[in-house]
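Next come two complexes, and both contain chain A; in the first it sits with chain B, in the second with chain C.
Showing the complex of A and B:
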């Protein structure tokens, strides 16, 4: 059996020996007029032929398990092979810790593949042990800090195994490396939402303060402003004066900065946040003024959006427009 | 229409500004703007060597100063993909054959080059992908049924618009398959033992609505599942808690449109998020906040404003978001988006790419052209030469509108699906 796991082959090839003599491979149709065919290597075609035979016989054996690894090495996106691999693992009562190692190596080879990540989740579920998952996802994220599958898997593990303790610190470490890493910002929201929630005033204040500190570091970074926007949309949000002070202060600070890049004095993410904040907190005049300058000058690619926001912020004008024309006086 | 001479971006200045705090994200953004800057030049004052290059690529033709879609070259690229076996490097798409077929057919259809000589060949390929027991389609010969290849296969059949191809579809079996994937969260698994996400949900609803098997049992909890996937940014992620992402946002909005429940999410927040995804310099869309432009999001992100606009015009949305009906066209800049595709994403041998530093593929060719079709607003907003006009795609299903109508008509009068296999 061992030689399968190692992928070692004798002169007769992988399927040349006695072990596979009882199996007749099922070849895929080829040479017909069917569209979108692929010129597979002969090794891959042969492997797939034996895999189909094993699949049809529903043979959940050691050799079938080893064969799925061979299929996956040829195409990690073959979800049928992953599916059948799990069937074999269950039937054979395999050591799932070893399977996790297999999944680790596969993910390191192709970290953006759906099937590998789903497989890992399924194996971790079967094991009932998520103790390796934070370290593993961290390893992937250190290489590709926005890997969607890795973040999603990390969220699963945090939630499923209640591993929240160090997560805010982890998020802050990543934001220290790249304050524009929006996946890390999203993770911060996820952690707060699923641990303390935002209902407590102290938590909201802590989060507002954190986001403002990061926003000031780079006012052209959209991520902290989206985070702030999320907070001011919460039904529990009441820290209007805190936000107003921070916002007025930052607007004043950027306007006073010296000449240079046009975004320096008018960072679109900051101005856009001001539209939403002023608009929702009793200063529609300020908000519509900002909409005009964003549309005309600072964010012209979104001029239609800012004009639309302006319409939304001036309900009287909007309703007057659609109101029926009054009949002329007799 | 904006003339070619106005394509030059504001004083050649990049939009990226790192606030003197450079990080990996801002550096990659700056590099990407630079790689696009090569294509955004003022034709009126461009050096002859540059114009000569544009002419030899076919982007400029004769004395015309309008930019061209490389129609013939792209048709040739797509037809070769259908008829000549693809190289071994395509082995990674061995389990995505219905997708390959759909991408190529949809792109050809948009180019008004439906391959009527290849109907039998496509039909045969799809037949080879039928899963055992007619439980949907698999990724290739003898693979298990999965909602994504099932979606791709059904769309490919609709594009073929061929009686014999439609016979590959067993409504009751597909209904049983979908019901077996239904999860208590309201979502669907993508395969019997597979992930539950927004993509799975959309692919099921899209197919079920075409086949007229969209029962209350099937749709129960769907809108809530999507609402749970809306994030604080306003966009939609793959699972509750995941980051807002263009591909999943499309799946979520299109699914809600099918359900007639667009109001299930915070649409004001969504519109803000989607408008913010168009790149200030490049003109195309990014998939997530602070990520890079990519042509495939021209459709994934570009289609949702069209879906929302159609709902607003019908009067299906609440008053505040209903103002979308008053916007001229879509809520993004359609011309700048088209410029990104035509100038930055065409490969001169035909086919389209993610961005200039990437190579063409069938997936990006399909979605770049689909996004272009949406942005052309039924032909009323074609950038470049008027022959760039594409056939109009439906923004919810992404097949030609007329093909969708004809497919739905086939199933409109059929009885409700049967859940249990009849024994008599």
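Showing the complex of A and C:
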């Protein structure tokens, strides 16, 4: 069984024995007009012929289960093969823990395949047990810390099985490894939002301080500044002076350290955050100046955007549109 | 001040990108090579593409659409054959097997012939003698393939007269989830913003929104806008430019673009340009994001914020001498072109008004020519039809990108 599941037998003889003698494969002939016809290997073409026959008969058997592994080994994106595999698992009452191992091996081979991750999730749901999921997603994330599928699956497991306890620590570990890992920043927002929320002043202050600490490590990193923007636009946000002090301090530090280095660019993420903050908090003059220096010197690739922002900040333009950032989306 | 491995890695990546830029920028678009490259995908495709066996219609869309962008559709000798092949992928709905709720298109013949379908050349079909006898319960439409089929038909000038509209609309209805999102196939797949967009685009092209709950759909999309202004493919997920494109495109086609927090979305989008465009914060640029980011900016009427010269230089640094474009700068053997990145590089060049490239409407990702000659374009004069609300913009009224002042 295990052998079949891995699709690891000698390809040439797979269908030659007695096991498949009663099945007539169904071909999928196409004429010269066929578009984007894939030049399959002959082994895969043969496998697909038997797969069609099994589907047609809706045969949910051990050999059909093993055949799905063969189809998946040739094309892991065949969503019908995955679906039919689950039908077989259910009909046969297979050991789902073993199936999770199959999903693990498949994901380690193709960590960015949607169908594999969906299958894993479906099996975890059938098991009603998510106890392996944090460890497994961590293994994938240690190899590729921005794997979108792994983060998505991790969010599912955290919510579905209420596994929040160590998650902030996990996020901090990843940010310690790479402060520019925006996936980890997003995860931090997700965890705070779904555990304590941001309504408590202590939590807001903790998060603001965390973001500023990380911003100082790398002021050219958009992630902490977006995190700050997220907090600032919360209806409960009142810590204007905390943000102003930190911002003034960091801007001063950056400017001072670039003095005497006329060609040194100041970090656009920091300056762009300052445009938003000063513009919304009664200092449009400062914001306008920053727009000019961003356009001319520090961020010329976005000069048209900064010219637009400057225009929005000037009193006789549509100044009503500048002020407070709108409330966050529901 | 800058600290951590991440900072070092980012600096190294930037330096590598810079040297790649100076070595690899080529001056001109090699049009003929691209035309040959895309034409290949209408015939026999190398086995390296086996993973697209269930999505062959997507390759056909990429090929036909790129040829249209390149002004080379008239080179196609077999336009009617392509149309007939697309119709052959239309799911035949049979009660007691796959009906109802599975209508639309499959991506290719991987499940085998369905028997008599609505194709006009059924004489080529082996099972034609016994009508639809090949249909099993597993013959179920995939919403992305229905989307690609309708695009290809529109590009080739077909009027949808052979589309089983009622079945396709019923097919959408069976895909929408309680949270407003869509899965891809009725039997059960992941659900996310990609399939929301395909469902909106199919409804728009068929000019029939009765297969989707528009309010619920819009609520799902708005719930996926992140604290940073972008969109994830599901609520709570990291902002990703592909998700942004599908979210913004859905809202544009539903006439609901005014519902989003626009200022922060615009800032997020414009921040993606780092010569080329990246799709997420602190990732390296990639050809396909020219379209996902730039296309979103077009729908928001902000395409003039794009730095055209940088965009062009990046795309040309990914141009392959054998035709097509790779994901990242370089040429074989360090970087090979693929059909997806080649297609989106071409749409990117259309977007920045590269001479010789047709103008593009980004809500559907087709030329304004194809759009305005389609069955879903109101020839009465009031521009494109939309589902609800106000049209976001007629394609004849597109902003033209100008090079720098």
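Note that in this section the second predicted complex is superposed on the first by the 293 of 330 C-alpha atoms of A that agree within 3 Å, B and C clash if a C-alpha of one lies under 4 Å from a C-alpha of the other, contacts with A are read in each partner's own complex, and residues count from 1 in each chain.
Note that a residue touches a chain if its C-beta (ideal position, glycine included) is under 8 Å from a C-beta of that chain, and two chains touch if they have at least 3 such contacts.
Since the structure is predicted, the reported quantities are computational estimates derived from the model, not experimental observations.
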Do chain B and chain C fit side by side on chain A in the superposed arrangement, or is it a clash? clash
Is A:102 touching the first partner chain B, the second partner chain C, both, or neither of them? neither
After lining up the shared chain so the two structures overlap, which partner does A:170 touch, if you call chain B first and chain C second: first, second, both or neither? neither
Partner chain(s) touched by A:210 [first = chain B, second = chain C, both, neither]: neither
In the overlay, answer first, second, both or neither for which of chain B and chain C A:155 touches. both
A:118 in the overlay: touching chain B, chain C, both, or neither? Say first, second, both or neither. both
Partner chain in contact with A:58 - chain B first, chain C second, else both or neither: second
Thinking of the overlay built on chain A, is A:257 touched by chain B (first), by chain C (second), by both, or by neither? second
Chain B versus chain C as contact partner of A:278, first or second or both or neither: neither
Chain A contact set shared between chain B and chain C covers 26, 28-29, 33-41, 44, 48, 52, 55-56, 74-80, 83, 114, 118, 121-122, 146, 148, 151-152, 155, 177-183, 186, 189-190, 193-194, 217-223, 226-227, 229-230, 233, 272, 276, 301-305, 308
What residues on chain A touch chain B, complex-wise? 26, 28-29, 32-41, 44, 48, 52, 55-56, 74-80, 83, 86, 114, 118, 121-122, 145-146, 148, 151-152, 155, 159, 177-183, 185-186, 189-190, 193-194, 217-223, 226-227, 229-231, 233, 261-264, 267-268, 272, 276, 299, 301-305, 307-308, 311-312, 318
For the chain C and chain A complex, residues of the former touching the latter: 1-7, 9-10, 41-47, 49-57, 59-60, 63, 78, 81-82, 84-86, 108-113, 121, 124, 126, 134, 136-138, 142, 184-185, 187-190, 219, 222-223, 225-229, 232-234, 236-240, 260-261, 263-264, 267-268, 270-271, 273-275, 280-283, 304-305, 307, 310
Enumerate the contact residues on chain A facing chain C in the complex. 26-31, 33-41, 44, 48, 52, 55-56, 58, 74-80, 83-84, 114-115, 117-118, 121-122, 146, 148, 151-152, 155, 176-183, 186-187, 189-190, 193-194, 216-223, 226-227, 229-230, 233, 253-254, 257, 272, 276, 301-305, 308, 321, 325-326, 328-330
Which part of chain B faces chain A closely enough to touch in the complex? 13, 15, 17-19, 21, 23-26, 81-83, 85-88, 90-97, 100-101, 104, 118, 120-122, 124-125, 128, 138-144, 146, 191-195, 231-233, 237-239, 241-245, 266, 268-269, 271-272, 275-276, 278-280, 283, 288-291, 320, 323-324, 326-333, 336
